[in-house]
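Written below as structure tokens is the structure these notes are about.
As written, the chain order gives the labels A, B, C, D, E and F, with residue 1 at the start of each chain.
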């Protein structure tokens, strides 16, 4: 089984970190690699960023379709996910949908911690798209000018507020760039902390093993 | 006041029809023109179609920004609308959002009639995105192989079923290609029948006159 | 085109202010005037106030029906709006529905600022009636005994809290008596601030130009 | 304990029938009477009807306030109920809210049967106002020109369809004029059939006995 | 009329207090008694507690079915209520559903005050089960280590915060163990404070008098 | 890795079939077995059935806790799932929640096919509990007295109606007893058909591999 992870930005460090997380989960049970888009923005943040990388994501999936058993989109906003589900015969899983839906299996309410207040409205809209508004108790992002010893302390503080003030029972890492923070936060907070890359791998590898993929009967049929 | 309508497909007939509808509404009170995208698909139907035309829509808006007071996206699925609202300082209105929200002001429930069953799931998702699921009583599209004397008879029949069976009080034309059908259907059915091009013009020209545009304080801020 | 605005209270200053706002928007493109009800309460606040003015509003609309192309109800709680839509053949637009629905076109979430905590439950119920609970992030009203240099400072402070704390991207003035505050607040806060009188004029004048009015096929049919 | 039922129309037969139902339930445990409004319409159906009777309903409640322990509004659309809750210190219960909320205690989903298709949109809006859209599986009204041996057969047929086709487990009589039909329909269909007059009496008499009435702390405070 | 109240825990003091409240409301108009389960936990708090007492609750209802006209479950989480509605031919009312639904008749929004933060997620889920999420503005429970002169002061403080901060108009006592606090809190706060035991008695005794019970046509039919 | 599947009924054939499905999916990658409850009902259908088997399910989980890495509840109504999540430190997954949430990743809307009309209201309530009402387009069960060549034909017909009439894009097998039907229905209908046993295995085995389990911070904390 070969799973290909698309990192829709062009940050090689993030791509490497995602791949490390993925291989650490796979432990050889299946092949997994992560590819980024060469001329993509350094970071996917705006609606325009998501739109700009769309055609390149399509190209990459089409080129890899034959040698790949499942695709994962490793940006927590799940950019262009509907189009990829439509064009591929293979399972395509977004780390946003996978992590937020997995969270609902592990506790009553979850919170998303993310890197910037700017992305809160889009994250709220994303939860609505998936019918998860009720289950997502809050989105926490750092205030402008917040000062912390390091990134881990910053996100730990956000997650702690989500647990203690918002009564979140599960924390979802709301950005692929946070990959790897799950263990440490989980240790400190004693609540499940979900890395979308792992959640998407669970579902994608499971679907491949099951032999089930996106329905082509109506809305995801590319040849209507 | 100059309003530019983007027809994101490449059908010159549809572009001409949209422009005719728009000029017929404007009656010289403001300038309005419709432009299509040269290398776009003939018809925008799939998720991939919507994604493919995204970068070109951005280019077109950016190129026209200085000479334009408001933009309208003339595809009823409102493709890439969030990105255009983000990049432009001018009002950007989708014919889908405009027509469906206008419909809620004219009756208790509305129905959308559209060209193909394939687009029903995406139309339902679009209504959810706008919080209109409760108000959209049905989406009606022709069955495969349905035979009618002509297109008008076909859509008249769909709209009549929406009114009589689904108790829709307002009909929304769910495709820019249906522009111009509103008068005839309204005459036959004696219910409001809304052409999204006109609805978007009402709102866009009104916002220009008012001097109000998309909020740039958070989620539509292009420089987060 | 002649548009008649009903101010359902009896405050001549508010009536004058509303008319000034309306004429300032119309700039001669259409005729617009505002009339109040002689023996109405000074201010419409309670459920009883709304009910008491109902029969007079009906009379006024019936008397003016023939010389009027569209009616606007200039009280943000939209009192008796369903009945007026039912009795008139002309478009009838409430400033509450117009402003709150317009707000959804300009940002992800809006807030309403209003004059009194007492009206918060009714404003929440009104948003639910229109299916806008999801989009209305908060209703902000002054605490009892709040002290401010002047009214503008007071409502500016409320709106600022809505933007900074509640993450509202658009502000809706929740009372016809606040007409005229939009420009100043918009300048200070750099977010769209919507005056319902203008929003209703945009829609009402647009509907007249389009030749579309309330559906009479079922629930607004006065002769069932 | 004295409970006063307001029939907001002017049909003396309906008033008598409502009073008979009420006395039959009370069986002397409390006093109950029903009064109609002299110059009201014969039947309350349109939005205008509801509005027209508002000031008279207020007068009647104010005049009876001192000698009455609780009020019931015996029109299933609960006209002007918020205003009456506001002006009275005594419990005020609508037969619509009472019957539809009672229905949720007796089965998974309920249906409302009513006298005219015209009132379906308003009934749907009423269920939304009470947050009951999820629980109300359908509103059934006779088709125009439907022929039945008698009224009972007609409403029995509607209720049967609601049970067998819509899977309603409880039937709510959606018009005060249907009072008295509950027993017969219940016998035929073997499902609970609720008369709103009785449901409102259960709640109103219970609240009087409990010594609890409408909250006056905020939204129903008449002296804000 | 004989109503049997089940206290699903084994605390004799709580059983006595519930019975005292019940007899105080009944004032001889009907017979009412409260029974606890011998080997039940001292307090019902966890999901496991609720499940453990299920079979005993079934036994108790079956044994008492013939001599009882209605059953009440006196634990605010309404444990095993669906099963009891299914097995009994008599009305079965939970104090949770009765009090929360009654609250919606008395004010725009209600809050629940309860004994422990631990039960907040389950209370939120319970409100969702009944379709009351919109109407329940908050659940307030004491912080760990909160210090108060006595229990009444503690719950008074919680309820006051719910009224002043959350804008609750009605308070629901979220635990059968709080029975008897309603009068005192109501006096202090001047808002309705509802004891679920009384609310359930109002509905149960009313249903017995009406001769209506749980629908057996589909989902509560024990012999499907 | 050892996963234990609980079949809460006492049908040895169903237990064997579930185990066969599970082993067929595991293909030796992890150990999996299925156990039934000796004195349970032959079939879990009523609310009472679910309640009766609760204490035995708790016993079984507690007894197996130390030798088991994850538990699966193999009844599509997910009986007593909250309690099992609470008492175990290991992941506990219900086949109902797993299959319905997995379905949302593979198509726009899903339908559940089940064995009896009687269980439709409970299935609808279960979807609401998981926040999936919007995504579950229908529940289809055989009419009483429906005649089919064999069970497969019967459920194939139900699923086909769900796809063609209700526009379901994914089919969920709504009963553990239907295990094994997925392949054949999928072949015939060309839509994903999900067996909850497999879906739960995907998630449970993934969570074990990930090292994440139910949150114990609040609502599932057994020692509150």
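For this structure, a couple of remarks:
Methods note: contacts are C-beta pairs under 8 Å (C-beta built on N, C-alpha and C of every residue); 3 or more make two chains touch, one makes a residue touch a chain.
What you see is a predicted model; the values in this text were computed from it and never measured.
Common neighbours of chain C and chain E, listed by label, are A, D. Chain D and chain F touch with mostly distinct residues; of the residue numbers seen at this interface, under half occur in both copies.
Centres computed as Cα averages put chain A at a distance of 26 Å from chain F. If you average the CA atoms of chain C and of chain F, the two centres end up 51 Å from each other. Distance from the chain B centre to the chain D centre is 42 Å, each centre being the mean of its Cα atoms. Between the CA-based centres of chain E and chain F the separation comes to 31 Å, rounded to the whole angstrom. Annotation for chain F: residues touching 2 or more other chains are 107-108, 117, 120-122, 125, 128, 134, 167, 169, 218-220.
The full set of touching chain pairs reads A-B, A-C, A-E, A-F, B-C, B-D, B-F, C-D, C-E, D-E, D-F, E-F. Residues 108-109, 134, 167, 169 of chain A are the ones that touch chain E when the two sit in their complex. Residues of chain A that touch chain C in their complex: 117, 120-122, 124-125, 128, 133. For chain E in complex with chain F, the touching residues are 45-48, 50-52, 54-55, 58, 80, 82-83, 85-87, 116-122, 125, 128-129, 218-222, 224. On chain E, the positions that touch chain D within their shared complex are 25, 27, 29, 91, 93, 97-98, 101-102, 104-108, 130-132, 134-135, 163, 167, 169-170, 186, 189-192, 194, 198-199, 201-203, 205-207, 209-210, 212-220.
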